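Can you keep this structure in mind? I'll have questions shortly.
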Amino acid sequence: MIRRWPYVALTAVVAVAVAIWAIPELDQRAFFGYVPTNATPTMLPSLSLDTRVLPDSAKVMLLAAGVTLLVQVYSTAYMGKDRRYRSYALLIVLFLVAMIAVVATDNLFVLLIGWEVMGVCSYLLIGHWWEQPQSRAGAMKALVVTRFGDLGLLVAIVVIGQTYGTYSITGAWVGAADQGQQHGTAIGLLVLLAVVGKSAQVPLQTWLPDAMPGPTPITALIHAATMVAAGVYVFARLLPLYGNDTTVMTALAVVSGVTMLLAALFALVQHDLKRALAWSTVSQLAYMFAAIAAGAADVGISHLVSHGAYKALLFLGCGVVMHAVGTSALSAMGGLRTTLPATFWTMTIGFAALAGIIPTVGFFTKDRVLESIHVATHGETPLPGGVAWALLVVAYVTVFVTAAYAMRLWMLTFLGLPSKQHVEPPSMTWPLVALGVACLALSIGEPLDLDTAALSTLVALAGIAFAWWRQDADLPGPVQRPLAAELGLDHPITRLIPAGTIGVARVADAADREGIDVYPRGGAVLAGLVSSAVRALQTGRVQVYASVIAVGAFVVVLVGVIAR
Amino acid sequence: MPLLYPLLLSSALFGIGLYGVLARRNAVMVLVGVELMLNAVNLQLVAYDAWFAETLHTGQVLTLFVIALAAAEIGLGLAIVMAMFRATGSIDVDEADRA
Amino acid sequence: MIVAALLVLLAATVALMAAPDRFRGRSAAGLGAAASALTFVLLALAWDGKASTSGEVDVAWIDVLNARFHLGLDGVSWPLALLTAFLTVLCCWWLARSGAGPAPSARFVALLLVVEGSSIGVFASLDLLLFFVFFELALIPMWFVIAYWGDPKDQAGRRRAATRFLLFTVTGSAVLLVGIVVVAIEAGSLQIADVQGTHSVLAASLIAIGLAVKVPIVPLHTWLPDAHGKAPTVGSVLLAGVFLKLGTYGLIRLDVQMLPSATAEIAPYLAAAGVVGIIWAGLVCLVQDDLKRLVAYSSIGHMGFVVLALATMTEAGVTGAVFGSVAHGLVTGLLFFLAGGLKDVHGTASLTALGRGLYERTRWFAVALLVAGLATMGLPGLAGFWGEYLSLRGAYEEGALDRSLAWTLLGVATIGIVLATAYVARFVRMLLQGEPTPIDTDRDLRARGVVVALVVPILVLGLWPTLLTDLLGSGVMGTSLLGVGR
Amino acid sequence: MSLPEAVFLILSAVAVASAVLAVGSHQLVHAALWLVVTLGAVAGCFVLMTAELLAWVQVLVYVGAVVVLVVFALMLTRSPTGSQSAEVTRNRPLAAVLGLLATVGLAATVIAGFRHERITGRLPGTAASIGDALFREWVLAFEVLSVVLLAALVAAIVISRSGSENR
């Protein structure tokens, strides 16, 4: 039996340290007038342990630490009997440390290191059950797709370093404030590429649902608090370098608008609870980006925190359900209301938060996102007014769809007739309870805009009513089928690009074996030809040699005469 | 007497000797060719000596040396031919490499 | 100090060669390790700061040619020389401890020491002719290493690979020699510091082509996979870790620093060739079945980054080239230890023949391969990253290239990073993961110390890059580096 | 054209003709005898070029010694004296071309160089004058040459003998 408490204790120590560090920063005012301590711009990279924790950073840190701790506790039951529990638990700790590094650091390279280490940790954790083919495939896909996005961040750091002559984030902020945002479009689009990859937005969205074969607590960790959230956070963090750029903001708005609606629709038609929740994450992340695009980064971060809480709750609850039922297929569920009571009640809170039902935190933060988009339609932000209007409409439609799929999932999982008895291990339920309480408690003190609240609640209720009306029926075929196939968007990434690359690679390999060797082989053939020509003279007959000498002598004389 | 006469004769003998050296299979005949070429050289030397008429008689003395050397050479050459014949039973130069 | 370091190696070599019966197996490897460790210490002590040329020795050598026995180390060469000694220590350690593959013999160790000594000589040479002599001296022992101690199952193949290696590199060296002669005639001196600044495009191109074989730059690379495929484990390590560095070091020292104005004219071609190499190698890696060949191709990709970096001729670029060279020596050295170790144990390095699930079957191999794979794909926080980063940074700064070309190359080179990720993920998936298929020959890694000794510097350099970049400091492109101490 | 010139031309014609026969003859012994004729004619030419002593040496050494040696060699090696034994090599056309080229080339050269020169015969090469030059000015070369001759003599003996011992 593997001893599990040291890992929980380790996580707890890290979490407590983070809490002690972050909580005092929550009240800090946003910061102005900072003078970089290292004034000489450096050409060469250097890492520094400088940190810069702003209130939003502190929130994200606390969220990450809290969720990780809960996941770790939860895992003692969920993964306790796994033979590779040790590597699993240690990777979770590493994951947390990397996330904290991304959130807290002031150094772009530390940010990048944390960012990539998270990518690798998620790769290893998604592939934890590497005996399963889909697990291996999902892990590889997650790694390659996010690494592709990460190139954006890498090149963005190159550009930032060259533009502002520093690798300090605050240094770059100050530079941008003093000199204006230089190369804002380039930096912004590059960072956008990175976060699109990391936060699974269109067109790089497909790795996230495919990461589902990983252990469910890991899914909770990745989806709620760390990996995908890092994308949102970093985009907001670097916003001062490109926040005034219309192109970047428009691109972000388009990406987020397309993603939120598509992902919500995909979630609506899933037959698998976990995959549906994965699409819901993608959709909710798009909300955060929409807020940032509307110029309200703090709103985006608020929604990030609230989403972190309720999505962690939902995934962990999903884990309990899977633990009990043995599968994540919705068809195998139903009637779990009575057999898994704690899970039922907490997940009900979670689904309510997802759907945006008062008084959960999801309601408030989502409303603030909607409100901020509405504000952006006045045309006072870099986002063009028309785009903002379109985004607002899409966001409301998504509220409808979100409420519908949340309701549908809740019904299919918990309503109906119970099939058999299940157990809920306490170390799995109390993290759920903690998160459920958090989903309600975090809403204390949230501001409320009555117009938006009324409209969004109306839309959400309509969605719920729609779901109630449809029950477990699929949508009409012409709508259901392409959505269930996720519009074939995965096709290029899973099929075309790998197949094409492998095809090109085979050609390259063949060319490398056979083609490039033309010049050495040609050289060899040429040498052989010359040698066989010369060998013809080596008859072994002395008079032939003498003749050759005579010919040579003549040639020499001849050349001498002609040259003279 | 024009100097050209001996010189032209020498040229002709040299060409003929060269042909003999290159074309004959019999080792002794090759040596005959060599002798002809040496004689061509001798002729030239003597002709120049007579034309230049200097007291050292360089040309004629050198000719004398050449003749002596030719004698030595033919002695050695024929000795080699004998040895080759003993070894291979033939004095055909094309087959000398079989020894 | 440098001379003392070389003499230590010479003495050990002579001892091993003279009395091969006295030093059998581990004692030979032990002597080799001790000599290399002493060399390492001596070289480390030779450093007197980046402001001067360390441990300079300058005595008359061949007066007629005006060639001098002129050695010295600076910020570019010192880390590479240390790397050479370090890797040789590990090679000897591996020979003593790995317990698989051919038993170490005195002659084999002696050849390794010759390779080490002559490579250090190349790095330390400040005279063109001396450089060339050491450059060639390193070649022959490597031929023996591959031809006589290579793949025990394929005698004809290893001979062919060795000869191929020899022919390619000797041809390259011939071109290099012509380049050196051209420089020497134009500048009237063989001292690198005196020659500096000569403008001779012909010489710069000849030197670049000659060294391109060694680096190797696509399309002159086809000897490398064959040689690695057949070389013994430690031979591969030295080939990748040290030999390729002779090429990149030569490009930095003889082209970028010595003939800057001329090199600027050929830099676009060099940079383009480097980037083509990155992509080409990445693609070929995706479909390789033989792990050793895969690692060999990945080396070509890394060298592509180094070439791109130095071709920009910016400060960041040249620093990146040095960093990339050192990091590649550590990372690829580690990979070759592991791939070669697997081949020694199982007799094959074919991914399909090795089977799946190494995580379960031989855990140390698996974890070490994972770490090495992450490093080779340029994960930030590990040494391999900084070379790539600085290379991209150099390309962004344009340097000797014009903007459209430089930025195009930058974009294409980044694709190489994705390809690297893909092939690492592929071999992890094929080899480490998957339903375990135990085979009879399964046996876990023995020489774990070697792996740890490589992972530690990879991690340290990854987290503390200034350790190395500070050696170069500003002025890596200027005359200060070579002009000092004279 | 003076008498000596006429005689010289006749001798030249004889020399060339017999030389052609010597290298071209199908019978080895005939070839050797034609060689004698050539060498004799050359000796006559020597006389006409005032080199009396050389003429005698030529007759003594070449005609006397060398040719005798050749004939002896032919006999000792039991060379078939029939016509087929004197066959030429496959190299013959090339050899002919080269021989012709040599002749033409040399002739062209000497014509270009010495077209208008004449031999006056001011200093005849009598035994006295040659001996004088030889032992006054060329004595060192002469002595060295005698050593060479001795060496050749010894070598010839060794080569012939060692071959017989091996059998």
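The chains carry the letters A, B, C and D, assigned in the order they are written, with residues numbered from 1 in each.
Just so it is clear, contacts are C-beta pairs under 8 Å (C-beta built on N, C-alpha and C of every residue); 3 or more make two chains touch, one makes a residue touch a chain.
No experiment lies behind these values; they were computed from the predicted model shown.
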item: Most centrally placed chain, judged by C-alpha centres; value: C
item: Most distant chain from chain A by Cα centroid; value: D
item: Between A-C and A-B, the pair joined by more C-beta contacts; value: A-C
item: For chain C paired with chain D, centre-to-centre distance based on mean C-alpha positions, whole Å; value: 71
item: Where chain A and chain B are represented by their mean Cα positions, the distance between them in whole Å; value: 96
item: Cα-centroid distance, chain A relative to chain C, in whole angstrom; value: 36
item: Euclidean distance of C-alpha centroids - chain A vs chain D, Å; value: 102
item: Multi-partner residues of chain B (each touching 2 or more other chains); value: 18, 21-23, 93-94
item: Where chain A touches two or more other chains at once, by residue number; value: 541, 543, 547, 550
item: Chain D: positions in contact with at least two other chains; value: 89, 91, 94-95, 98, 101-102
item: Pairs of chains in contact (touch as defined earlier), listed by label; value: A-B, A-C, A-D, B-D
item: Residues of chain A that touch chain B when the two form their complex; value: 540-543, 546-547, 550
item: Footprint of chain A on chain C - complex, ascending; value: 164, 167-168, 218-219, 221-222, 225, 280, 283-288, 315-316, 319, 357, 359, 374, 377, 379-381, 386, 389-390, 392-393, 396-397, 410, 414, 417-419, 421-422, 425-426, 428-429, 432-436, 463-466, 469, 474
item: Contacting residues of chain D [partner chain A, same complex]; value: 89, 91, 94-95, 98, 101-102, 105
item: Interface residues, chain B side, partner chain A - complex; value: 18, 21-23, 30, 93-94, 96-97
item: Sites on chain A touched by chain C in the complex; value: 43-47, 109, 112-113, 115-117, 120, 123, 127, 130-131, 136-137, 139-140, 143-144, 147-148, 151, 154-155, 157-159, 161-162, 501-502, 504-506, 508-509, 512, 516-517, 519-520
